[in-house]
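One chain, subunit A, appears in both complexes that follow, with subunit B as partner in the first and subunit C in the second.
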Partner chain A sequence: MFSIFVIPFCLGVLALLVISVIKYYNWIKEFDRKQQTLIRKNILTWKFLPAIWEMFRECLLHWRITKHNALLGYMHRSLAFGWFLLIVVGFVQALVAYPNGHQFYVGIFFNYFEPHYPVSHSPALPFIANLMDALLLYVFSGLTLAIVKKFWSKPLGMKRTTRHNLTDRIAKAALWSIFPARLLAEGATSALYGNGGFLVVAMGRLMQAVGLTSTVLEYNLWTFYSLALGVFFTLMPFTRYMHIFTEVFLVYFRQLGLRDSDSKSGYTMFELSACSRCGICIDGCPINRELGVTDIQGVYLLQAIRNKDLRNRAESIANMCMVCGRCSAECPVGIDLEPVRRQVRTEYAKGIDHPEGFQYLKSLHHFNALGRVAYFGGCMSHLTPGITQAMEQIFQAAGQSYWFMDQEGSVCCGRPLLQQGLVRQAQALRDRNKSMLKKSNATMLVTSCPICYQSFTKDYRLDIPVMHHSQYIDMLLKNGKIKVERSDMRVTYHDPCELGRGCGVYDEPRHVVAATATLLPTQEEREKSLCCGFNLGNTSIDSEQQVLIRDAALRNLLEPNPDMIATACPMCKKAMTRANNTPVSDIAEIIANQLIEK
Partner chain B sequence: MKKIAILGAGPAGIEAAAVLAANNCPVTLFEKEAQPLCNITDKAFLFPNFADANEVAASLRAKLDNPNITLRCSTEVTQLTPSYIAGFQEESLTGTPVWKVNEELYDIVLLATGYTPFDAHRKEELGYGIYPGVHTSLEMEKMIKEGNIVNSLGEKPKRIVFLQCVGSRDEKSGNHYCSKLCCVTAVKQAIEVKKQLPDCEAYVFYMDLRMWGQGFEEMYRTAQQEYGVSFVRGRISEAGGTFDGRVQIKAEDTLLGRPLKMTSDLLVLMVGMEASKGTRELATQCRICGEYGFAQSKDPHLHDCQSEAPGLFVAGACKRPMTLTDSVNDGRSAAYEILTSL
Partner chain C sequence: MINFGYKISTPRSIDMDSADSRLYCQLVEAVPSYRYCIGCGGCTATCSAGQFTDFNIRKAHFLFSRRQYDKLASDTFTDTDLNKCMLCGKCSLVCPRGVNTRGLILQMRKLLLK
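== the complex of A and B ==
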């Protein structure tokens, strides 16, 4: 069974296979030591089981997208899962029809070969033909939605869609023409021989009715179908459609425990290609929502890194970001965009990253810890002394002896430098704090700043527990170590990005607020909370732009008309206090004000 | 005879009322506080000539002693709308719009609702309201006036630090403008401190000193040469408390290019001027609210006392930060504009 028209398809498949294998091989070679160790350690474990489940759920069913918007999820699912089933059922169809073996392309062009060659008349065939047509119809429904989305994306839950480059658009045209071409080619065959399922037969009758019954036309249509497939497969490794296979690998590696490292590694390469450029990251981004800047979101960052010729663009994109984490929280592929941004920043910060700049650290004296709990206010809490004062009151009320480790001669936790890509300088600060903690014999660390909290939990690897003060106060309240008086205040709570999306701490601060006041829900909270605009992550933004982002967050918080806004981050507090007349308090201050003396 | 309302019995409002009354125009002067001129009577001495603030206020208040002036203290105006916005029909005979002031109707309104000092709580890093040694310039003025400059323990301070530009020229608090009179006020207060406590050190931290007015530069020089006040160029980034109730500040001396730490008995925050609540609300109601909540005049050069709204005039610090001298002059100009329009 052969015909010349299958050649473009076969060449396309060959090109796809060869290029993909080379790419994947190179990327796997680029894994750093830690990633290699993790693969060796975990490859022979049961971790492949959850990986397979996640591949099925995300690569085929697109579950995370469905949660974002049901219609958008249906669109992606019908294209991915529908096409996947078309290939699988097509293969089964060929297997049933030619039990003695057949070439691999027969399943793809089955209807063409079926009337020309002797066929085993299995009773299952008409059923499979109808099933294939139903699947094609399923894919068509998704294709229709995709076309609707191109012109009117709002019903699919997207205000803005991605701007694609030329290769992407050619590949998209090829992809979109594959399925109509297939139906036309099958219809032309059916017009001659009357084969196929319900849809194809209907198409064939229609073509008969308008006089399109010719073997030349049939052949040309099949050639067009094969060409569309060939072009798409050849372009695939160079376009966003590379995500189709790469996401499968990414899911697997992630399940094996691999994560991004400080510099670009093989894992990053998989992330870059696993991005489908769906553009879901654009709508939630505060820089888009409030400033109308629509070319710096995750999708464009990854694109700019991939197209190495645009490196300067990558740097400016990487800098213009609040690092609020909203994009990573919404990314259907689960790409962690923050480390990727940091890698680009690191690349460009090399020129100023001199460890000699931190000589003064040696001259700082550390204080011995008097108690068991070390308290680290953080630089930002020093600018909001109401918070550190409240924490000292709370420690005293709980009868907890504590060591205020950065009261004098404070050393930054290092995370703001790390966010700017200054890896070595951040390390110098971390080393200093770590040795101070070690000498102090403290058995627990409490910090008031979510940035420090994220740093101490993720970057330090301390051997003592670390708590954000919201968790610590919640614990004190639950254990009855402190008691608070209830007030009739109505309060909305602002989730700080670093505490919420950064560390997943959403409930404890809410418990703390609810212990003394009435907590009002807001429209956009928890994973969807809005950035306060003054995050240290973005150094290219100007203060008027920061104000726009902050005001949006404030509108959300003031909408239920609260008596007070509560937050758990000194930076968010500062940002919002400057702006409005409603009082803004840290949860520690709220508790300290309501303490009942024992 | 047209009915004239003046909102705010500060220097601008009183001066305008006096001029109008002298020209046989009856005016009603509204004041939300119980007394007129509250923003002057809380001061000790006035720059640049150290005139006694009480005497200046008394001279201004004396101008109210005119049968044409009806002063209504403790009366806050919350509603100010013209007929063409509010949609009522009682137009005056000349066809010009009528203004509704609270529930009364007036033909002409002069907005002289003034300023309010910047709330220093909004700069929490400077520790106002948290550390007992941190005061605003207004509280310092009160201590000077009472001749009772003391630190948080009630003792005579050995060192006082003044910080300029708190809530002015500050992008982060949203006020990009210069409040114009804090520079010279700090110089004046530093001299007062030195007069009362010759052994106390006085430091002024500044971004740049704007000694724009007559006699200001001379005062600045006198402060350094005769009183030994030290001027440090640099902003204070944060303040902290010490165990003995004093204030520790962190700053950068940008002329020496060095960070510095200093402990002081008192930290005085030179708070800037913001549009007062009345200015903000009333300017918004009659649609002449400009930048930062200040009232917007028709044109800053030639029609600075008129507004885009017919029959509504503006004078004094409700338009922008203004000194006492400027406010009095501006009230007088507004009165002239009103007389011309009659």
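== the complex of A and C ==
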């Protein structure tokens, strides 16, 4: 079975295969040593099982998008899962019709070949034909939504959509024409021979009614269908549609335990291409929402790195970010955008990254804190002494001996430097703090600053437990080490970016607040919480812009009309205290005020 | 001659017409809030690095405004005091004028490096 019109399709498939294999081979070669070790260690383990489940759930069913917006999820699912089933059932159909073997393209162009060379007259064939038409209808429903979204995206839960480049738009036109072309071609065949399922037969009758019955038209329509497929497949590796296959690989590598490293690696290359440029990262971004800057979000960052023509813009895009993590929390592909952004910052900060500047820290003396808890207030807590005083009160009330590590002369945890890509300088500070902690023999580290907490838990690899003070106070309350009086205050809680999305600590601070006051829910909280605007991640905006972002967060917190705003971050507290009449307190201060002395 | 303890000090005025303003202009363009500074020194008082060293943002601001870049860093950029900054951000929170101090320090480093 052969006809000349299948050639564009076959060439497209060949191009797609060859280019994809070359690309994937090169990226896998670029894995760094740590990533290679992880692959070798985990490739023969059961980890492929959750990977397959996640591939099915995310690449085909688009579960995370559905959670974001049900209609948007339906759109992606009908296109991805619908098309996938169309291909699979198409091959089954060809297998049933020609049990003695057939060319691989017969499943794609089945209706064209079927009236010419019927071999098997299996009773399953009419059923499969109707199933195929139902699937095509399913895909059409998604396609209709996609067209609606192009002009009116709000019903699909997106205020703003991605601006695509030319190749992406050509590929999209090819993709969108594949399915109508298929229906028209099948309809033309049906108009001549009466084959096909319910949809195709209806299309065929319609074409008969308007007199479109000719073999020339039929042939041309099939050629157009084949061309649309061929163009789409050839363009796929160079456009956003590369995400279709790349996401499958990314899911697998992530399940094997691979993560981004300090510099661009093979894993990053997979992440870059796994981005479908859906633009979900744009709406949540505070820089878009409050400052109206719409060209720096994750989708454009990845595009700027991938597209080397935009090299000069990559630095300014990478720097213009609060590092609040809202985009990564919403990314349906699960791309960790913070390390990718940091890689670009690191590249551009190489010249100014001089750890020699920190020679002066060598003169710090060590302290023996054997058996004590080390308390690290963090730089910001020194600007909000209420928090450190409250913590000291709580330590005393719990009868816990402690060592206030940075009471005099605080050394930064290193994360602010790391966020700006100054990797070596950050390492110098970490080494310093780490050796001080080690020599002190402290049993545990408690910190009041979520930035420090994230740094200590993720970058330090300490051999003692690390707790944020919200977790520590929650533990003390649960153990009955401290007791608090209830008040009739109504409180809203602000999730600090670094503590919530950064470290996944959402419940403990809420337990602490609920132990003494009534906690009111807010519109955007937990994973969707808003940045206070003063996050250290961004060095390119001025305070006028920071204030705009902060005011948006405050509006959200003040909406339920609370008596007090609670937070668990000295910087968020400092940022919000200045702006409103409602008192802002750290959870440690709230607890210290309500302590019942034993 | 009798030594009365007086000496003639060298003049410290800068001839702005002959000074090289290129770096200064680039800095102001990158960090517009540079110009809001009133030199109160709050940043320097709270500075984490300032507790251990003589690193001084106000001084860096002053020298940059006077185009005395050579006093901030010699030819080997590594010796500049700006490298002592831990970027912790306390200065930007205490600044009464809302100067983007961290952006300022990073930009100064980048400009002095060139």
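The rule is simple: the second predicted complex is superposed on the first by the 595 of 598 C-alpha atoms of A that agree within 3 Å, B and C clash if a C-alpha of one lies under 4 Å from a C-alpha of the other, contacts with A are read in each partner's own complex, and residues count from 1 in each chain.
Following the convention adopted for this analysis, a contact is a pair of C-beta atoms (placed from the backbone, for glycine too) under 8 Å apart; a residue touches a chain by one contact, two chains touch by 3 or more.
Quantities reported herein were computed from a predicted structural model and do not represent experimental measurements.
Undergrad: Given the superposition on subunit A, are subunit B and subunit C in a clash or a fit?
TA: After superposition on subunit A, which the two structures share, subunit B runs into subunit C.
Undergrad: By the touch definition at the top of the document, which applies to A:Q420: first (subunit B), second (subunit C), both, or neither?
TA: second
Undergrad: By residue count, is subunit A touched more by subunit B or by subunit C?
TA: C
Undergrad: After the superposition on A, what does A:M571 contact: first (subunit B), second (subunit C), both or neither?
TA: Touch partner of A:M571: subunit C, not subunit B.
Undergrad: Touching A:P385 in the superposition: subunit B (first), subunit C (second), both, neither?
TA: Only subunit B is touched by A:P385; subunit C is not.
Undergrad: Contacts for A:F358 in the overlay, against subunit B (first) and subunit C (second): which applies, first, second, both or neither?
TA: It touches subunit C, and subunit B stays clear.
Undergrad: Could you tell me if A:T539 is touching subunit B, subunit C, both of them or neither one (first, second, both, neither)?
TA: A:T539: touches subunit C, not subunit B.
Undergrad: Considering only the touch criterion stated at the top, classify A:G409 as touching first (subunit B), second (subunit C), both, or neither.
TA: A:G409 sits against subunit C, while subunit B stays out of touch.
Undergrad: When the two structures are overlaid on chain A, which partner does A:C531 contact: first (subunit B), second (subunit C), both, or neither?
TA: After superposing on A, A:C531 lies clear of both subunit B and subunit C.
Undergrad: So, does A:A174 touch the first partner subunit B, the second partner subunit C, both, or neither?
TA: neither
Undergrad: Touching A:A579 in the superposition: subunit B (first), subunit C (second), both, neither?
TA: In the superposed model, A:A579 contacts subunit B only, not subunit C.
Undergrad: Looking at subunit B, which part out of 38-46, 74-82, 236-244 or 290-298 clashes with subunit C after superposition?
TA: Once both complexes are placed on chain A, subunit B clashes with subunit C in 236-244.
Undergrad: Considering only the contact definition stated at the top, list the common interface residues of subunit A for subunit B and subunit C.
TA: Looking at subunit A, the two contact sets intersect at 382-383, 543-544, 574.
Undergrad: Which of the residues in subunit A come into contact with subunit C in the complex?
TA: Residue list for subunit A touching subunit C: 349, 351-352, 354, 356-358, 360-361, 363-364, 379-380, 382-383, 408-412, 414, 416-417, 420, 422, 425, 429, 534, 536, 539-544, 571, 574-575.
Undergrad: Residue numbers of subunit C touching subunit A in their complex, please.
TA: Interface residues on the subunit C side: 31-33, 46, 48-49, 51-53, 77-78, 80-90, 92-95, 98-100, 102-103, 106, 109-110, 113.
Undergrad: So in the complex, the part of subunit B that touches subunit A is made up of which residues?
TA: Subunit B reaches subunit A through residues 121-122, 124-125, 127, 130-131, 171-174, 237-241.
Undergrad: In the complex formed with subunit B, which residues of subunit A make contact?
TA: Going through subunit A, the ones touching subunit B are 382-386, 389, 543-544, 547, 573-574, 577-579.
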